[in-house]
Amino acid sequence: MVSARRIESGSGPVRLGMVGGGQGAFIGAVHRIAARLDGHYELVAGALSSEPERARASAAELGLDPERSYDSFQEMARAEARRPDGIEAVSIVTPNHMHYPVARAFLAAGIHVICDKPLTATLADARKLAALAGKSGRLFVLTHNYTAYPLMRQARDMVARGELGDIRLVQVEYAQDWLTEPLEATGQKQAQWRTDPARSGAGGCVGDIGTHAFNLACFVSGLEVDSLAAELDSFVAGRRLDDNVQVLLRFKARGAAPPARGMLWASQVAPGNENGLRLRVYGARAGLEWSQENPNAMWFCPFGRPRQLITRAGAGASAAAARVSRIPSGHPEGYLEGFANLYTEAAAAIRAMRRRNAKPPKDSLLPTAADGLAGMAFIDACLRSAAKNTAWVKLAT
Amino acid sequence: MVSARRIESGSGPVRLGMVGGGQGAFIGAVHRIAARLDGHYELVAGALSSEPERARASAAELGLDPERSYDSFQEMARAEARRPDGIEAVSIVTPNHMHYPVARAFLAAGIHVICDKPLTATLADARKLAALAGKSGRLFVLTHNYTAYPLMRQARDMVARGELGDIRLVQVEYAQDWLTEPLEATGQKQAQWRTDPARSGAGGCVGDIGTHAFNLACFVSGLEVDSLAAELDSFVAGRRLDDNVQVLLRFKARGAAPPARGMLWASQVAPGNENGLRLRVYGARAGLEWSQENPNAMWFCPFGRPRQLITRAGAGASAAAARVSRIPSGHPEGYLEGFANLYTEAAAAIRAMRRRNAKPPKDSLLPTAADGLAGMAFIDACLRSAAKNTAWVKLAT
Amino acid sequence: MVSARRIESGSGPVRLGMVGGGQGAFIGAVHRIAARLDGHYELVAGALSSEPERARASAAELGLDPERSYDSFQEMARAEARRPDGIEAVSIVTPNHMHYPVARAFLAAGIHVICDKPLTATLADARKLAALAGKSGRLFVLTHNYTAYPLMRQARDMVARGELGDIRLVQVEYAQDWLTEPLEATGQKQAQWRTDPARSGAGGCVGDIGTHAFNLACFVSGLEVDSLAAELDSFVAGRRLDDNVQVLLRFKARGAAPPARGMLWASQVAPGNENGLRLRVYGARAGLEWSQENPNAMWFCPFGRPRQLITRAGAGASAAAARVSRIPSGHPEGYLEGFANLYTEAAAAIRAMRRRNAKPPKDSLLPTAADGLAGMAFIDACLRSAAKNTAWVKLAT
Amino acid sequence: MVSARRIESGSGPVRLGMVGGGQGAFIGAVHRIAARLDGHYELVAGALSSEPERARASAAELGLDPERSYDSFQEMARAEARRPDGIEAVSIVTPNHMHYPVARAFLAAGIHVICDKPLTATLADARKLAALAGKSGRLFVLTHNYTAYPLMRQARDMVARGELGDIRLVQVEYAQDWLTEPLEATGQKQAQWRTDPARSGAGGCVGDIGTHAFNLACFVSGLEVDSLAAELDSFVAGRRLDDNVQVLLRFKARGAAPPARGMLWASQVAPGNENGLRLRVYGARAGLEWSQENPNAMWFCPFGRPRQLITRAGAGASAAAARVSRIPSGHPEGYLEGFANLYTEAAAAIRAMRRRNAKPPKDSLLPTAADGLAGMAFIDACLRSAAKNTAWVKLAT
């Protein structure tokens, strides 16, 4: 296993800022823990809320220098870019519709971006942002955190090495229940913006969690989706965005084997499901099965032999898993550790880029703006297919 | 719990014959065990194989009177109908294409029929058989055995009583792996006829196990499928029938609530899956989750409360489950017991019909020819939809 | 897999009688289903209750010839021994204190005995019965049914073949909760006799289920217990027998390796446990873990490799499991099938013994009176140890 | 749920030093992550190894000021006590035999101590240290981290509120397999000191993990062990300390109910077990079952009702769990988060003690030196009992 020590070493913490994530937010706190966990970041600036009062109060709670608590992200980008000790990277943890303008401002200021998913609220914005990110010379990381679980890294690696044979089937699902009732009507903040097209974009459940499922399916299988057929529903009266999505997937062919097929189900109205992201991949020689709620174990099912339970850091764990593992098998690592893996890998990249003329790393497994664009194309395709009564549509990035 | 004693009582065993199920068959032996388990049948006649030699050898092994081992089902129907001690019921366990002619012959002879699924090899045959069965005045039982698991009976009952609220989602899957490789090419008998359109009908996996998944989803939810959109694949080179099917389901509306949606996946090429029939039903108030491979437990997930594990004959088991349960909780009952429940209920019905002018019971939960016709309509719809590039098609019985 | 057909073949059913098992009994019905399941027995006589009225009513329900429903077992043994079509074997399913006199009567009459466990109510009776059984030339089967689960047969075989290396640890437990409250005070029949020293013997929980745990641990490990140290408790006020037992086990040494150690826990007051018999065996090279409530799967844990899930009739199932398996993997077999395995093997033995001068089979895995005597010695040792404040005591058969 | 924000707030980080935890160590890195995770500490000094070279190299890797990397803990205690910005607390992560002298030095210097378990290498040292800690006026935290899992906090709370009724049984086990073979002979550092009496003390497995099991059993049940009977074994040839321990427990009575009983098993030679700490507690009204390897779920089994799965932060989670929970249910928190809970609670206490004349908090759930003394008494009692052939012995603190 890669020791925590190696993770801890390096030449000084990365100076980090944050946009969004003020009082009442959920994902901002997750990003902060993820940044802290391996000790590679120092949070030194923020525009933590669009409401100046709240921004300042939040900054005080986090112990930020009041001078570096900004009322607007524009001001923050400008000011930090000018400081000799200005931030090197910014975490964007706002509602979706703000991702694009914020990311644009910081990339323009030469600052690396770590951005929550989905990439943007619209496909048009996504295209612009992906183009910008590509040209910026800066690191752009999209926090598809589930890809950074050790066993998902191993799964991708096993598929890539051919241990499953030609991939035939990708069954992915992401089931939750927290929107079973009209929670948004109660004023709950998370529910409100996630069911509001102006802030979430045109996808509800499909954008919020469907994109995670889509991303993970592609990450592990190494395949691209060619086209899809989708059914979107909103089961709760008065809800403006979908709360359940069911999708058939056709993957692009690889070699002579028949192209793989897939099913994707994402729901926020399935009672009893908390955060049920589950991936199953079947090839001509073996299958893999994994569930996010118990992320330290993965089934490997070689055809014609008993199924094996591979555990993170256990006897069957590979180098791909070990690289992002901190503690021995049987000592569960969870969601925050997976999330922190992205931050830690980003820190390594950022430090490497401190060298003159350095470019973003090529061989990284960090999710990029291009992955984010693919996710937005997935949402867009789902909406188009649903509008055409579940017709097959191509993904258009 | 209904005691085994009550099950055992009754006025003399039902005289049973069997068509198919000779040496080398699988499901014939299952039917015989199911018939024996609760002691309600006596197997006294058979046309156990279409090959006379094998038929006779099989009959001898089973200890049948050689006089009542027939070379053909036609002869058997005629001869048994004439005997004063002739069979009262026949079990049909042939490949699918023979179900219709055999059933027709025995119904015409006034003999009750217990028939393996799917109902027939073609929708046209299914329509004729369902019509015949309806007019025959005889009992016709289709062995959709999974509906007879105690907890599936309870699930149906809980849905019917409204414990889940309006049903929104039905996620059903049936995954196996035994056809991952071209087993039919090795001469294995089960694989051969199941991948042969002449004997199986136009559906492969969709007919063999997809119909079970479809039937169980409808049985438990109490809903009817209005239309579906299907993708059928055959991943193994040279295979003539589908070995994987992925289906979106639209159920007919009930009342004012939005109509329920569903996904159905059936596969015989998913390594690591043995007989993975799994059903999940979610309503506005609660969810249910169940897996056939561990049939003695079912999750009940009331929204906003911890999920509960209901066990067969345990504290949360209802009368609907107890009625078809033999032994205390923690003492697992399995596949054969579930199958035997159908035989036992059929025996009760047959005995009741020994009374002059008695008709088949109305309130029975036994699967009927009408259920079989619905299953054939499901196969037909899947094939039509797949032929139209996954267009939505209505089920046409 | 051994086909059901092979199981079904043979030269005529075994004529069976039953003592005990009348209305209100539990285990009698289980024995009857087990006898029927594979079609090797015909139940033709009974002394089903010590109360003549109940005996007759029970016999009528089961369709026995009224002439062969006896008011006493003595009369039954005499009469059946005289009939040319008399029973060949008797199932004894009375409370424990009657096992000895009943078995003695039938063995004396030359009739094979299938007897529920524990062997007797006292160690003294057990010694006499084991001696009798050994000299009788008749088959004596004690229904330690859990040893007949296919995967327990495989486990024993794997240990014997050295796949685990030298055995170091045997952890066995059998937890139930049905006596958590004073159920015997409500008049419930099962609870009444099981907590009554006059009918159960001096052991309560230790005899009722502790003996199963002890027997299974020895069966699978192939080891003998040298000595034990036990703590017995009765947690429910007014209860006359133990309802919880905790035991340390020292096994006899095998070769040069340190002797194995074990722990045994049996309880009837552990809320949430239905029939939680669970066995774990660890050797120098691998471990095995199994739970009766999900008997179709067993963990095989080779040291230094991922743990594997072996399934009954699945890819990792051995010949030892296949021999007592009826249907393919993924189609769960349960408690009744395991129980039926004993009856089916007994039928094979009984038929073989129809040959002149035949003796009971030597290589059988059927539990014997000697196993029953070992179980009684286990109860006795637990009681002696507990009486000496958990001192180590030797098992004395 | 208590927001991460609240956890993050506070008046400046606690200045922390560390003794031990240099290159090649395991638990030191865990302590550092735990200290960082919620942002309450700043690691500023260390004596990271008893080898000065390694100490300096380790300090450099961690980015410590070279001036504050000490060659000995004595020097560190002296120097830091004198600095105006000296450490407020020290983490002791050395082998067991050093806990006492190091803790004594820092307590004497007025510095709070966070110490790995077991408390010391000998009971005599433990008594002295517990006395010192009690009189020191400083905080002393022993990192029995498993007690800080949210659901273990909830379990303790449920027992204390009487939701289980009078406790009858406590079954606890801690199974690992990493010492199945003579790993210490290969030079592996963790195995070496843990099997060396000079560094571990007289207990091997019993001290390393048995103490965790013992501590957790007492923490949750709220009960004290009166006496125990133990069997210790060393299965691997040449091993100097026990690698397997089996213990019967008698708890002190509470009120009129019979005193509770328990079994404790700890092993490092059970193939297939990684870090299998598992606790089951049964009372007169309900049971609880939990496994450390899946710490986000706990079974609650009310007698006579279906068992419920309580999840961390889910519908059934109580305030006791929420207090130490960071993220929503279904997002797994693991070992590091549990460990961090101790550090975060310690930081709160240390900050509160910055006030003049403040004393260590009274109502804290943090494990203390007294708990550590109890653990040492447990080891001592196991050794004494084993030396007397498993006689019952009283725990002597």
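Each chain gets a letter, A, B, C and D, in the order it is written, and its residues are counted from 1.
The working rule: a residue touches a chain if its C-beta (ideal position, glycine included) is under 8 Å from a C-beta of that chain, and two chains touch if they have at least 3 such contacts.
Bear in mind that the values here come from a model prediction, so they are computed numbers and not experimental data.
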Between A-C and C-D, more C-beta pairs in contact link C-D
Expressed in whole Å, how far the mean CA point of chain B lies from that of chain C is 34
Per the C-alpha centroid definition, the whole-Å distance linking chain A and chain C comes out as 55
Here the gap between chain C and chain D, centre to centre from mean Cα coordinates and rounded to Å, is 43
For chain B, residue numbers touching 2 or more other chains are 273, 307, 311, 314
Among line, ring, star, complete and other, the chain contact graph is complete
Given the complex, residues on chain D that touch chain B span 300, 304-311, 314-316
So, in the complex, the side of chain D touching chain A is made of residues 3-5, 8-9, 12, 23, 26, 29-30, 32-33, 36-39, 58, 61-63, 176, 273-276, 292-296, 311, 314, 326-337
Touching chain B in the complex, chain A uses residues 168-169, 171, 173, 177, 180-181, 229, 231, 233-235, 244, 246, 248, 250, 258, 261, 263, 265, 267, 269-273, 280, 282-287, 289, 299, 301-303, 307, 389-390, 392
